[in-house]
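You will see two complexes here that share chain A, one where it goes with chain B and one where it goes with chain C.
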Partner chain A sequence: MAAVKYIASDKLPDWLKSLAAKSRVLVPVAEGGGVVFRPYAPGCRPVFDSDATAPPKGAVFPACQELFRYEQGKDPEDPGKPTLKLIASTEAEPTVVFGAKPCGARGFLIFDRVYIGKKFPDPYYIAAREATVFVTMACAAANVENTCFCHWVGSGPADGSGSDVLLTPVAGGYTAEAVTDKGAALLEDPALADGAAKADEAAAVKAAAREVLGEAPDIAASPAALLAAFDDADFWRDQSDKCVSCGACTYLCPTCYCFTITDEPKGMSGRRMRSWDACMHFQFTLEASGHNPRPTKAHRLKNRVGHKFSYYPTLHDGLVACCGCGRCIKSCPVSVDIREIVQNAVARAKG
Partner chain B sequence: MSRLEELKTRIKEALPGLECVIGWQKGYDPLHNTPLFMRTDADVDKLEWGPLNVHNPAVYLPTFTGKKVGVVVKGCDSRSVVELLQENLINRDNVVIFGMPCTGVIDLSKVKARLAGAGVSAGTVTAVTDDGKTVSVTAGGQTTAMPLAEVRADKCGRCQFPNAVLADAYVGDPIAPAAPAAAADADLAALDAMSVPERMAFWRYHMERCIRCYACRNACPMCVCRDHCIAQSREPHWLTQDDTATEKLMFQVVHALHLAGRCTECGECQRACPMDIPVLALKKHLNRTIRDLFDYQAGVDPQAIPPLLQFKLEEDNIKERSW
Partner chain C sequence: MTDPFNPYLPEVATILETVQETHNIKTFRVRFDDEAKMAAFKFEPGQVGQLSAPGIGESTFVINSPPTRMDYLQFSVMRAGEVTTMLHGLNAGDKVGVRAPLGNCFPYEAMKGKNIVFVGGGIGMAPLRTLFLYMLDNRADYGDITLLYGARSPADMAFSAELPEWTSRADVNTTLTIDREADGWAHKVGLIPNVLLELAPKPENTVAVTCGPPIMIKFTLEALKKLGFEDDQIVTTLEKRMKCGIGICGRCNIGSSYVCVDGPVYTYAQLKALPNEL
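What follows is the complex of A and B.
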C-alpha cells in the first residue's frame, strides 16, 4: 500500500484543474433538483457530501453510443452490385471520474465480468474502461442514508475495490490513498501533501461510517431462495403490485448493464446505436413474433431481482450484481425496496 | 373511533367482494409512504392517511381489467378515477371508491431542500410527525419543523377538490377548499414571463438530465398506451434513442399533447421524476388553453365528455365562421 496523501479543501481546485488539463474530469454537480456528473470547469462546485442522483455509469457505458455508421452504395464498375461501407470507432476519451461514492465505481466490477469476458470481449467497453480512472470519496457517517446497503453485498462505505484512488473526508480536507497504479500516478501532483499525520483520522471516519450501517442480514441463501420462488406467481404479484414498470431503478443502477440496439437509417446511410435497456419495460424481451416471455411487471421484477441476487452470483463466483447504493429505492416513484424483496424471498424459502 | 379506523372498518366490510383495495402504508423510512394493496384484514390494518400519501393510486386501476377493485382516494386522486370513467378506461361497476377529506400532501423535493438548508440529508430521516399544520422531520439528530403550507405540493395550494368528487364510501364530513378559487400558478407565471428563446433554454437545461426512464409516463394515471408508447416503438419510429435534449423534449411534448384536456394535474409525472424535472408545467399550459377554449376541467363530472373526445359542429368559443 502506497503512502497516504492529503489534500486541503482549498487546494482541491488546483488538483482538479491540473487533472482537467490532461483529460475529461467528471464531477458531481447540483443541477435542477438533482446531482449529476458533468465535466469539470474552473469555478464549478462539486457536491461531495451526498451521493449523486445518477451514478457515473455513463462515463464508461453511455446512455446511447454509436457502434458504427454505414453507407450503402453501388459499385460504379458494376451498378448491379451493392456496396456497404462500415465506419466504426471504439476510441474513448481519457476520463477521470472524481468524487463518486465508492459504490458507484464498484458497479463496474459487475460490468467487467460481462464485457471483458473471454467469450465476448466488448471493444467499446474495454476502450472506455481503460481510459477511465475513478477517484472516489469514502462516505462519512453523516453521508450514510436510510437506503444504503453496501454492507449487504460484501462491500462497505470505504470499499476501494473498483476505485483507483480513495479519498476520505477529514478535518480541513481529504486523505488520498492509491488503490491501483493508475491511481498512484494521479497522486503525483504538487497539490497533494504527505498525509501520514491524517491517516488515523481517516481510519476513524471510515470506521464511524461503517458502524452507522449496522449489522447486515444474512442473504447468502438468496440465490437458492429466489430460484425456489420462481414459479410462485402470487409471491411475485405481491412483490410487484406497486411497481409502475418505469426504468428509474434500472437506469440509475451502477450495475445494470443491459443494452438494446437500434438503427437510425437516413436514405442510403445510417447509424447503429447501442442504448441502455430497462428490464422493467414491456419491450425488454418482446420477441419479433410478438410473444413476450415476461408479459407482466411481476415477471419483469422477478427477473430484475433474480438476475442481481441469484442468476449472476451463481455464474460469477457468488458476486452479487448489486453495489448496494440504494438508488433504486430512493428514486423509485413508489418506493419499491429491493432489500425487502430479497428478504421476503429468503423468509419464504425458510417457510 | 378515529376516521382512519372507521375507514378501515368500511374497507374490511367491502374486502370479500373485491380483488384488493389500493391505499398507502408506511414505507422504507419515516419520510416515505408507499402504495398498499390490501387483500386481507391484516393488510387493511397497515393503511395510513396523512400528508405522506403522495402517490395517486388511480394509476393502478386500468391494470385490473375485468376485476372488481377498491381504491382509497384523496380529492385529486378521485378526479383521475372520474376521468378514467369518463373515457371508459375503467368500468364503474368494477371500482369501489373510498374517500376522506384531505388537507394536503407534502412535496418531498421541498422537504429535501428544507433539510439541506438545515444541514442534514433527507436520507437520514428517523422520525416524522404532523399535527395537521406543521410537519416535523427528525434527521441527523435534529428536528426541523416545517409549516405544511410551505412544504406541501403546489397542487395543494390551489386545490378546489379536498373531498372525493365521486365516492362509494366517504368517511368524515366534506371540507371546504382552503385555497382561493383562482389561485396563481407560480410555475406557469414564471414560464409565461420568459421569451421564447429563454423558454427553450429552460427546457433544454432540464431535459439534459432526463434519463428517459419514463417514470413520468408510467406514474400518470391517464397514460394508458404505456407498453405501446411511441417513445419506444420501432414502427412507427418517431423518436431515436439518442441521448439528446431534443429527443427527450419531443417525448414530453407528445406526452403533454396526449393529455390535453385529460390531465387532472395530479402532478404524478413531476413527482415521479427521479431527476426532478418540472414536466407538469407542459400539461398545465395545455390545460389552461383547454379551459379557455372549452370551459372544461378534466375529471370533475363522470357524465361529461372531454372536449377533445367529441365533435361539435360549432364550438362555443372557437368562432370558425366569423373571424
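What follows is the complex of A and C.
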C-alpha cells in the first residue's frame, strides 16, 4: 500500500483547482434543498459532511445519453433513393468524482458486472468508467445516519471498493490513500503532504464510524427467502401497501441501472437516446397485447427487492446489488424501508 | 482505427420488398447495405432482431426467414402500438436499422431425428416459420413434421402465399384452422387446442414447438399434457417487452433469467423452474 498522504482543509481548493484544470471535477454541492454532484468551479463550496441526496451515478451513466445520431437524405445520383447515415461516438470526458461517500462510488461495482459483460460489453459505459476517477470520502461517526446499512451488504463507511482514492476526515483536513494506480497518480500534487503522522487518527475515525453502525443482521438467506416468498401475494401486498409507484427510490439508487431507448427526431435527422427507466412504473413491462407480467405495485416492488437481494446475487457470486446507502428509505415519500422487507422475507422463510 | 463493437448501433439495411399479410401484419424483407456484413451474417432459427427506423424507434421481431435462405432477412410486424404502426408506413426502398442476431435459438440440433409438432397461433406463427422452413430445407434430419396453424379468420392468416405449398407437400402434415365458419374455407374450424386434441400427435420421440397469444399457449399446454407430452418435450418462445436485447437494460427478466439473452426460447420444464411471472 502506498504511503498515506494528507491535505489540509485550506489547501483543498488548490487541489480541486489543479484537478479541474485537467478534467471535469464533480463535487457534492447544496442545491434546491438537497445535495447533488455539479462541476467544480472556484469558489464553490462542496458539502463533505453529509451524504449527497443523489449519488454520482450520472457521472458515468447519464440520465439521458445519446447512443448515435442519424441523418436521412437522398441519393444525389438517384433522388428517389433514401440514404441513412449513423454517427456514433462513445467518447467520454475525463472526470473526477470528488467527495462521494463509499456507498455512492460502490454502486459502479454493481454496474460493472452487467455493463462490462463478456458477450455484449457496453462501449459507452466502459469509456465513461475508464475516464472517471473516484476520490471518495470515508464517513466519520457524525456522518452515519439511521438509514445507513452499508455494513449489511459487505461494505462499510470506509469501503474503498469502486473508488480510486479514499479520503478520511481528520482534524484540520483529510488523509488520502490511493486505492488504485489511477488514484495514486492524482495524489502526486503539491497540495498534498505526507500523512504518516495522521494515519492512526484516520484509522480511529474509520473505526468509530463502523462502531456507530453496530452489528449487522444476517441476511445471507435473502436470495432463497425472496424466491420462496415469490408466490405469496399477501406478503407482497403488505410490503408494498404504502408505495405510490413514484420511482424516486430507483432514480436515486446508486445501483439501479435500468434504461429505455427512444428516438428523438428533428426533421430529417435526429438521435437515438437512452434514458434511465424504473421497474417501479406500470409501463416498464407492459406488453403490446395489453398483458403486463407486473400489473400491481406489489409485483413491481417484489422485482426491485428481488433483483437486488436475490436475482443479482444469484448471478454474480453473491454480490448484493444494494450498497446500503439508505437513499431509497430517506427519499421515499411514504417511508417504504427496503431493510424491513428483506428482513421480513428472511423471517418468513424461517417460519 | 476500428471502434470496439457497438451493440447499440444497428446495421443499415434496405427494404427489398414488403407483403401486406393481413390487415394488421406486414412483412419486410431486408438486406444489409454492407454486402460484406450481409455475407458474413450468421444466425440460428428462433433468434430475434431489433428492427428500427430513424425517428420511429426499435422493436423486437423474430427473424422469420431461415438461415438456409439468405437472400434477405424477413420480419413480420403486427401493428400493436406506436413503433409497429409507424413501421407499417415503410415500403420497398426505405432504410431501416437491424440489430441482430439477439437471444437464443430453438434446440434444432437436439431435435434431429425426432418428430416435430408445430402449434402456432396468429403472429406466433412467425418464429415457428423460421424453424419449420429450416427443417424443410434439412428434411432428412427430422422425423414426421406436423404443423397446426390457426388464426381468427382466413383474412387473419399471415403467410397465405405459402399455405398452398405447406398444405400440399407430402413430407409434412399441415392443418390450418380458424375460430369460426367462413365462406370458402376448405380447412378446419375450431380453436387450436381442440384441433390439436383431435389430431392427437403421439408424444413418443416427439418435440412440440408452440407460440401464440398467452391464452392460446395456456390451453395448448394443457392439451399437450393431456396427450402425454412431458414438460421437456414442449418448447415455446416468449414475448416479453424488450429494449436493449443484450441483457443490460434490465427490462425483460423473469427472476434471474433475462429473456433477451437466456431466451426467448424455453422448454416448458425450464419455465416451470423460473419464478411464476409470465
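Everything below uses one rule, namely that the second predicted complex is superposed on the first by the 350 of 351 C-alpha atoms of A that agree within 3 Å, B and C clash if a C-alpha of one lies under 4 Å from a C-alpha of the other, contacts with A are read in each partner's own complex, and residues count from 1 in each chain.
Convention: a residue touches a chain if its C-beta (ideal position, glycine included) is under 8 Å from a C-beta of that chain, and two chains touch if they have at least 3 such contacts.
Predicted model only: the values in this text are computed from it and were never measured.
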| item | value |
| --- | --- |
| Superposed partners chain B and chain C on chain A - clash or fit | fit |
| First, second, both or neither for A:K11, with chain B first and chain C second | neither |
| Chain A as apex of chain B and chain C, Cα-centre angle in degrees (nearest 10) | 90 |
| Which of chain B and chain C A:S289 touches, first, second, both or neither | second |
| Partner chain in contact with A:T262 - chain B first, chain C second, else both or neither | both |
| Touched partner set for A:C279, first chain B, second chain C, both or neither | second |
| Gap in Å between nearest CA atoms once chain C and chain B share a frame through chain A | 6 |
| Doubly contacted chain A residues - partners chain C and chain B | 260, 262 |
| Touching residues on chain A, where the partner in the complex is chain C | 67-68, 70, 72, 80-86, 88, 90, 114-115, 117, 119-124, 126, 227, 230-231, 257-263, 265, 270, 272, 274, 277, 279, 284-289, 291, 293-294, 299, 303, 306-307, 310-312, 314-315 |
| Residue ranges of chain B touching chain A (in the complex, touch as defined) | 20, 27-29, 32-37, 55, 59-60, 109, 112-113, 120-121, 123-125, 140, 205-206, 208-209, 211-215, 217-219, 226-228, 232, 234, 240-243, 268, 271-272, 274-278 |
| Interface residues, chain A side, partner chain B - complex | 31-34, 36, 49-50, 53-54, 62-64, 142-148, 238, 241-242, 244-248, 250-252, 260, 262, 264, 273, 275, 278, 281-283, 329-331, 333-337, 339-340 |
| List of chain C residues in touch with chain A within their complex | 3-10, 12, 52, 54-58, 78, 80-81, 84, 93-95, 97, 213-214, 239-241, 243-244, 246-251, 253-256, 261, 275-278 |
